[in-house]
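There are two complexes below, and they share chain A, which is joined by chain B in the first and by chain C in the second.
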Partner chain A sequence: MAGISEVFSIASSGLGAGRTRLQSIATNMANARTTRTEAGGPYQRQVPVFETEDLAEGDDGTRGARVVVSEVMEDPRPPLRVHDPGHPDADADGYVLYPDINVLQEMVDLMTTSRSYEANANVVEATRDMALQALQIGR
Partner chain B sequence: MIDRIGSALSGAAGGTVSGVSGVGGDAPSFAESLEKAVESVNREQNEGDGMLVGLAAGEHTDLHGTMIALEEANIALRAMASARDKVVEAYQTIWNMQV
Partner chain C sequence: MSVSGFRLFDGVNSGLERVLDLREAQHTLVSSNLANADTPGYLAREMPFGEILAAVMDEAVTGGAEELPQVGEAEVEERPADPGDLDGNSVDAEHEAGTLALNTVLYNALTAGVSRRLALLRFAASDGRG
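On to the complex of A and B.
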């Protein structure tokens, strides 16, 4: 039987993953027009990558899996070349390299992240309710 | 369960508090079981409390982890209370038995 603490742990990892995605989205939105970075060049969009982390096998042979952040990678798409001669970071031809960030796409990601966080919170609530229902048996 | 209450009762009837343990053979006595349950519930409560204090003090930012720990502690407490209710109910059934 999968214990409730395992389910709590899995849902908790899902909530954590949501927070990591939220941080990446916030960073991408805030730096949508950033042309300078420590590494040089324009800001590169962050993409968090997740992987499973198997839990120990339960009494019934089933096995749950938590989600963990594998790494936060950089979007490999090249930066946008925009003609903006007045910008201090413009090259000799008047072109500035801007990050290729679509704020609309980030907004959609934000909505899906918010919904997935909500879903994981619902899993926690349902698990708690089921445990309390079990305690009500025979009352 | 009745066995265990019986052993707890006979221990108590003997007037020795330490006699409560192990009267009914290998099975842990009611007092022992209760003590273990209380310890375990207390551990969970302390864990949740510790996380809440850490969150308030800014030592960590695991908001949902803290809430889940508190919720787990709450369920453990209710489970213990349910078990206790069942045991007391069984005890009272026997206590009121006409012989």
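On to the complex of A and C.
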């Protein structure tokens, strides 16, 4: 029976996805005003893409599903053009390209990520509790 | 956590065992739903728990323990997404958290029930001295 150990693997995939998302949010917030990158131009906002990974059907007919981060994409939104002639990266007309990052949006993402991380951590705790109880059968 | 083939005197033990399996299957679905709560297009998976449970308990109590229904016989359903939901994901985290908590409590109650029945058998097997 796959059962309990499968549930641990599902919940930890959720925790891992949450951590990747948290990392993207932290990177986006830290680089909200970054105008220079290795690739040239301003920083591009990172967006992790989640994908469902179906597990094999169990002998009880149910099918669990892990979550995987299929890729971390760059947000295709064009950078913002801000008039700031004193900036060293300003172009001939005095405009600087800044990443189009909305700190409020990142904060909301941060909160939903933290809630979903919490939910997955609860699953781990409940599963551990159930497994320990099952080991007590017959004692 | 199946104790297959363990049938003593009546169908209640195997009935309890089957309900433990059912709770475990339910647990797998709930954890999948919570793990995929932010996956675009993922549809929440559910099983008609009440119906399967009623059938299992009915057969266990009336003694027809040979042919207990499996979860696989009842289709696992996918809850359709709300048309207003932009990412097409139908997971309701509050609902899943409630199911998770209830499932854990009832699973633990069941294991306590199994232990109690085994204690009865042990008592009987030791001529009432155990």
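The definition used in the following text is that the second predicted complex is superposed on the first by the 132 of 139 C-alpha atoms of A that agree within 3 Å, B and C clash if a C-alpha of one lies under 4 Å from a C-alpha of the other, contacts with A are read in each partner's own complex, and residues count from 1 in each chain.
Throughout what follows, a residue touches a chain if its C-beta (ideal position, glycine included) is under 8 Å from a C-beta of that chain, and two chains touch if they have at least 3 such contacts.
No experiment lies behind these values; they were computed from the predicted model shown.
Enquirer: Of the two partner chains, chain B (first) and chain C (second), which one does A:Thr62 touch, if any: first, second, both, or neither?
Expert: After superposing on A, A:Thr62 lies in contact with chain C but is clear of chain B.
Enquirer: State whether chain B or chain C is in contact with more residues of chain A in the superposed arrangement.
Expert: Here the partner covering more residues of chain A is C.
Enquirer: Does chain B (first) or chain C (second) touch A:Arg128, or do both, or does neither?
Expert: Once the two structures are laid over each other on A, A:Arg128 reaches chain B alone.
Enquirer: Mind working out whether A:Ala119 is in touch with chain B, chain C, both or neither, as first, second, both or neither?
Expert: The second partner, chain C, only.
Enquirer: In the overlaid three-chain picture, which partner chain does A:Ser5 touch, first (chain B) or second (chain C), both, or neither?
Expert: first
Enquirer: Identify the partner contact of A:Glu51: answer first if only chain B is touched, second if only chain C is, both if each is, neither if none is.
Expert: Touch partner of A:Glu51: chain C, not chain B.
Enquirer: On chain A, what residues does chain B touch that chain C touches as well?
Expert: Residues 4, 11, 138 of chain A touch both chain B and chain C.
Enquirer: Quick one: which bits of chain C touch chain A in the complex? Just the residue numbers, please.
Expert: Residue list for chain C touching chain A: 1-2, 20-22, 24-25, 27-32, 34-42, 45, 47, 70-74, 76, 93, 96-97, 100-101, 103-104, 107-108, 111-112, 114-115, 118.
Enquirer: Taking the complex as given, what residues does chain A use to touch chain C?
Expert: Its residues touching chain C are 1-4, 6-7, 10-11, 13-14, 17, 21, 50-52, 58-67, 112-113, 115-116, 119-120, 122-123, 126-127, 129-130, 133-134, 136-139.
Enquirer: Within the complex, which stretch of chain A touches chain B?
Expert: Within the complex, chain A touches chain B at residues 4-5, 8, 11-12, 15-16, 121, 124, 128, 131-132, 135, 138.
Enquirer: Where on chain B does chain A make contact in their complex?
Expert: 62, 64-65, 67-68, 71-72, 74-75, 78-79, 82, 86
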